[in-house]
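Here subunit A shows up in two complexes: once beside subunit B, once beside subunit C.
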Partner chain A sequence: MFANADGRHFDHYQTLHERFESLGATELDEKRRLVENGFLEQGITFTVYGDDQGTERIFPFDLIPRIIPDHEWQLIEKGLTQRILALNLFLHDIYHERNIIKDGLVPEDVVVGAAHYRPEMVGVDVPQDIYIHICGTDLIRNGEGRYLVLEDNGRCPSGVSYLLENREAMKRAFPGMYRQYRVRPVDNYPELLLKTLQNLCPRPGQTPVCALLTPGVYNSAYFEHTFLARKMGIEIVEGSDLIAIDGYVYMRTTKGLVQVDVIYRRLDDDFLDPTVFREDSVLGVPGIIDAYLRGNVALANAVGTGVADDKVTYAFVPDMIRYYLDQDPILENVPTYLAWREDDRKFILENLEKLVVKAANESGGYGMLMGPTSTSKEREEFAAKIRRNPRNFIAQPVVSLSRHPTICDERQIEGRHVDLRPFILYGKNIEIIPGGLTRVALRKGSLVVNSSQGGGSKDTWVLYR
Partner chain B sequence: MLSRVANSLYWLSRYLERAENLARLVDVNRYDALDAADTGKEDSDTLWRPLLYATCSEEVYNAAKTAKDDLDVGWFITFSPNNPDSIRQSVAQARENARMARDQISEEMWLELNSIHLFLQSAKAERLWRRQPESFYREIIKFCLLFEGLIDATILQDEGWNFIQAGKYLERADKTTRVLDMLAFMGDPDRGKLASALRSCSGFSAFRDEFRSDFTSRNVMSFLLFSQSFPRSVRFCLRQLDRHLHAISGTPEDAYSNEAERLTGSALAQLNFSSVDNVWAAGQHQYIDGLQKQFNDIGQNIFETYVLLPSEIRSVTRQEAWQLQWQQQQQQQQ
Partner chain C sequence: MRLRLHHRTEYRYSEPVSNNANELRLQPPTTLWQSCESSFISVLPGVRLSHYEDLNVNVVHYFEISQPHSRLVIDSRVTVNTKCKVNFDRLPYGFLHRDLDCCRTMEDCHPFLQNSYHVEVTPEIWRYALDIKGESEDVFQTSYAIMEHIYKNYQYQSGATNVSTHASEVLEGRKGVCQDFAHAMVALCRSLSIPARYVSGYFFDATRDHSLRGSEASHAWVEVYIDNFGWVGLDPTNNKVVDDTYIILARGRDYRDVAPVIGAYYGAGKSAMNVNVDVQRLD
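Now for the complex of A and B:
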């Protein structure tokens, strides 16, 4: 463990290795209990779906931190910066000039056929010309130790609160080790986020009134919503707390209505405004899109960013980087086959048992086929789905995610597969907090790291040089 | 402050006040039941019935009892999931409201509330209750008092705090009248019953200071309704409620700017200028019932003034709207 393929220790894990070796079973249990009780008592929980009343669980936490040395982090940072720039240029382009389509790099079908494409946004200028203000990009490391992008989450990525709370927990459990390692802090994220939001204020010369729009207490990420609102010192609102009148959005307070300038919405486009999108939405605010299009209220992220994190669009991101920035991509994609391309579809259908098939618009590990572990019945079902709606499916080879030492049952330290979700903020500048949410597949051999499917997380340490 | 948040803070505090009062009531009643069992004077039904009456849970209890014959009243009031006002449910409701107003309460408040909630949901709670009920109820009461202290010591004493206080005093006034109604229900309570009623309101020693152990129905009634300085008397509670409502709206104390303030002022004036003779003239139960109706109106009007906008009468019923909301809330995830 803590070693590369040749069995040699990574230098940066040496101290950690010694520390964990020296811990007795009781001590380890104690530390773990300390951390878990802390999470439970503070209500740092998520809600499991499929359960009629929404049971609360803590997000399983592994005590062994993941360490990213400075030189690796610099590369990640550069790669992510490049990527968010390209994605934003792409979004501006497809809702305005459509040069990338005219120049034949991305087929029109891919854009307008994306489930989250919003024709309402065509020709609309968004504040500061930024669409994705908050992005969570999932990275993995392949067998050679290279970081690859697995997907971009450019709608309402979640997980940042766990990142921050994991850090708090680790600092409490292993204060000495933390100090020894010279870990870069992450706790200024809420301030950076607030600045990112304030940057969008449509009323100049005014202290911006920002609010976080949550779907409500039964949403799995509700803890995160309150956490961020509290740390930023802004109101957390539900749809029914807001009211749109004559193109302006107001909060309903005990002292009357208060105009809102910027809304960090953690609600999908579909639910934002029943007069424009889903009519049956009870979470949204009737008239909010009108106010948004008139430029009287800013939304982060912008409406319509879902085209950019569509899994088919994903396959084109390296091309976008070349096209808009005239640079080579620093972080590569995982090779991706698109079912709507005839050759690719043929290949996918012939190789289902070797591939991971994903629906283009699902998240949270739903709507996925894991080829190697699937049954022939599942494969048949997926094949039928792919034939029926090729636009909606992509396939990727199974990447052997890197494994990371993790404390497993019986207190054995074993390797488990991990990924990494860093969070990128695009305001006046592009800021990436050093670290990210490392998710770990706790089941042996499993490659699925989603919390809803048996995943846990680790603290992620980016070191000072 | 957001209207919804104000509403959550108000209910957070009402539910905890409710839990605290229930814990006292059941504990005192349980203690009395011990005495009665020794002398064999009364069967447990007669003993517990006033308690069900005072907590307005006779109907739910009877419904639950048809399903389960040996349903223990103490357990029912403390834990039953079928009883929406049980201690366990009240604390769970308080926590749900705290969750919705998490950004307005202190870390300490949340931690304490969440741990008592987790405790009440655990098997440990029922074990303790079976083995040492008095320790169990003391835990609950202690938590509520601690929480009250945290409210006063760890958050800004601004608008939200005033909503918390308003909720507390309205609930407390209501609970004190329920104890009084229990006495009225018993007709001619003996000294023991009167002492129990006082203990249910933590007013035993305070009463002795004011009335020198002169345990009569009139004195106890007078004390719990009209005492100037006992913090659980109805008059005291209404005076506080009046003060906090005025602090919320910023209206001078001798005027009113909304219906909730007007009704509170009027109920307070009535108590300020009445004596126990008026209670006897009106009939104890009728008098108390009148007060309780006023409390309900005040609560309703606080809601209408600060939470509801007149334009917001929905076509769907609230129940349906909630269910739909619940489903959709779960669908947002990335």
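Now for the complex of A and C:
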């Protein structure tokens, strides 16, 4: 435990190790109950779709924090900054000049064939030229201790509220150890997020009116929506609370209509505006896209960022970094096979039992095939799907995620697979909250960390140098 | 000192322009006293960026936007760790004017004793420099006196000069901005055979009232060569010996060698430039 592959202890885990050694069974149970009750009382829950045992659950929390030393964090920070810059330049480019396509680096089919490509955005200048204002990039650590990027979530990444609440819980449960470790704080996130939003205000010289647009109480991240709106001191609204009139968006309040400048929307493009996207959407606001295209209201993230989230686009991010920034990628990708490339497709179909196959536009661990643990029937189904629509599938080798000591059943401490989702804010500056959400696969041997698939989380401590 | 910098240069053209080719000297070098932790340059419209190293070992990024466009934005984001080269208790005195001859044959110094595009030494300038030098026998003391002279007698005024103003005009008119002050100082130093080079960069204004001049855009100062010490930075705009609040971007004979952004385009449109520099201290 708390050691690398050679059995050598990590120095930065020494104090933590001693603290947990000294903890008796009753004390541990006590702390656990304290934390869990806290979560339950505050309603820090999420919803699992397609599950019949009561939809609301608390997000399982593990008491042992993950510790990231300063030098490792600096590298992550640098790598993520590089990545978000390149992704934004890419999005700007594909909706304007398309130089990267003309120069032959990214095939046009990949861009316009992406499910979330929005032709409506071609030639549109978005506020401050920023597309992805809030990004949650998933990182994993491989066998050699290097961090790799698993995916970029450039639409509506969620999880930041758990990060903030986990920290509060740890501070209460282990105040002494927390202070001893000199952990970099995270609690200014809502403030930074608000600044990021205000930076987009289309009406200069006036206090920006920001609002958070939620799909409503049935959304799995509804807790997070209320949490962030409260922390930022902005209104939380549903589609029906907003109205678009003559190209402006207003919020219905008890004192009449108030013009809204910036909307932090936690709603996918598809549902934003029934007059432009999905006609059957009752969650959106008719006319909001018109106001957006006229520049009278700003949306965060911008419309059309889903192209960058596409798992086929993901494979091209290292090329984007070299092209736009003239640098080598600091954080590498997981090797990725693209089913629409004939050679790759052949390889994928021949090696299904060794690979992880993912649909290009699904998230939350849905729509994927874990080769090694799959049945032959599942593999056949996927092979047929891949043949039918190769553009929509990618495959990656199974990367053995790093494991982290975790308290399991019977209070045993065992290694469980973890990943890391840092949150990046791109406003006037690029700010990355120290650490991120560490998700842990609580089932032994499992590599799937998604909360919807039996994952839990840990607090993540980035240390001062 | 750990400093974070954001330098934005924005051009707007009155009519769309094309074939816009630019060279950027925006990446700080890593030296013994400055380590560049990260440097990202991004250009809008998005276009392929490349780089090479020039004769003064500055990293030059370049790009060309061929299709018509009416706006160009260049963002540079940098994090650097700086250290102070000079020990203020032991300033590099002791190198005397009569020993300056050794510099003439040094490869590092030779180019910085010659005339260059913006700097030409004339008998009048030499005469002027001698008056400032007075009785001083020490190279650092003289250089400091020149810096102080410019700081005290020249008027800091933007708009009085432009990017192509020559050192002689500055010495004549005694006004200008950091670029002009640096050119004037380079000319005066070279006229006395002191190797002097032009430095572009930024500084973090640590004063309470932000009274230092030139922090809103990229800055320029001078380095003179002192034997047994090396190059020492002097900032005639603020009358300061360069310390760890300064970030060096590029060094050369004069502005023409180090211009942070320089380019040319096809088109009759006029361009309006807007520069914004923001330096923050991180630790």
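Keep this in mind: the second predicted complex is superposed on the first by the 461 of 465 C-alpha atoms of A that agree within 3 Å, B and C clash if a C-alpha of one lies under 4 Å from a C-alpha of the other, contacts with A are read in each partner's own complex, and residues count from 1 in each chain.
Note that in this section contacts are C-beta pairs under 8 Å (C-beta built on N, C-alpha and C of every residue); 3 or more make two chains touch, one makes a residue touch a chain.
It should be emphasised that the depicted structure is a prediction, and the values quoted were computed from it without experimental measurement.
S.K.: Clash or fit: subunit B against subunit C, after overlaying the two structures on subunit A?
M.R.: fit
S.K.: Check the residue A:Leu325 against both partner chains and state whether it touches subunit B (first), subunit C (second), both, or neither.
M.R.: Once the two structures are laid over each other on A, A:Leu325 reaches subunit C alone.
S.K.: So, A:Trp340: does it touch subunit B (first), subunit C (second), both, or neither?
M.R.: In the superposition, A:Trp340 touches no partner, neither subunit B nor subunit C.
S.K.: Please indicate which partner A:Tyr117 is in contact with in the superposed arrangement: first for subunit B, second for subunit C, both, or neither.
M.R.: Touch partners of A:Tyr117: none, neither subunit B nor subunit C.
S.K.: If we overlay the two complexes on their shared chain A, which of subunit B and subunit C does A:Asp93 touch? Say first, second, both or neither.
M.R.: second
S.K.: Looking at A:Phe423, would you say it contacts subunit B, subunit C, both, or neither? Reply first, second, both or neither.
M.R.: In the superposition, A:Phe423 touches no partner, neither subunit B nor subunit C.
S.K.: A:Phe316 in the overlay: touching subunit B, subunit C, both, or neither? Say first, second, both or neither.
M.R.: Once the two structures are laid over each other on A, A:Phe316 reaches no partner at all.
S.K.: Looking at subunit B versus subunit C in the superposed three-chain picture, what is their shortest Cα distance in Å?
M.R.: Across the overlay, subunit B reaches subunit C at a minimum of 28 Å between C-alpha atoms.
S.K.: Residues of subunit A touching subunit C in their complex?
M.R.: Touch residues, subunit A against subunit C: 74, 78, 81-82, 85, 88-90, 92-93, 96-97, 99-100, 103, 129, 323-327, 428-430.
S.K.: Enumerate the contact residues on subunit A facing subunit B in the complex.
M.R.: Against subunit B, subunit A makes touches at 40-43, 47, 49, 54, 136, 153, 155-158, 215-222, 226, 229-230, 235-238, 240-241, 243, 251-255, 266-268, 271, 280-283, 363-364.
S.K.: Enumerate the contact residues on subunit C facing subunit A in the complex.
M.R.: Going through subunit C, the ones touching subunit A are 4, 6, 37-38, 40-51, 61, 65, 67, 69, 73, 77.
S.K.: Using the touch rule from the top, collect the residues of subunit B that touch subunit A in their complex.
M.R.: Subunit B residues touching subunit A: 1-6, 96, 99-100, 102-103, 107, 110-111, 114-115, 118, 159, 163, 248, 306, 309, 321, 324-326, 328-334.
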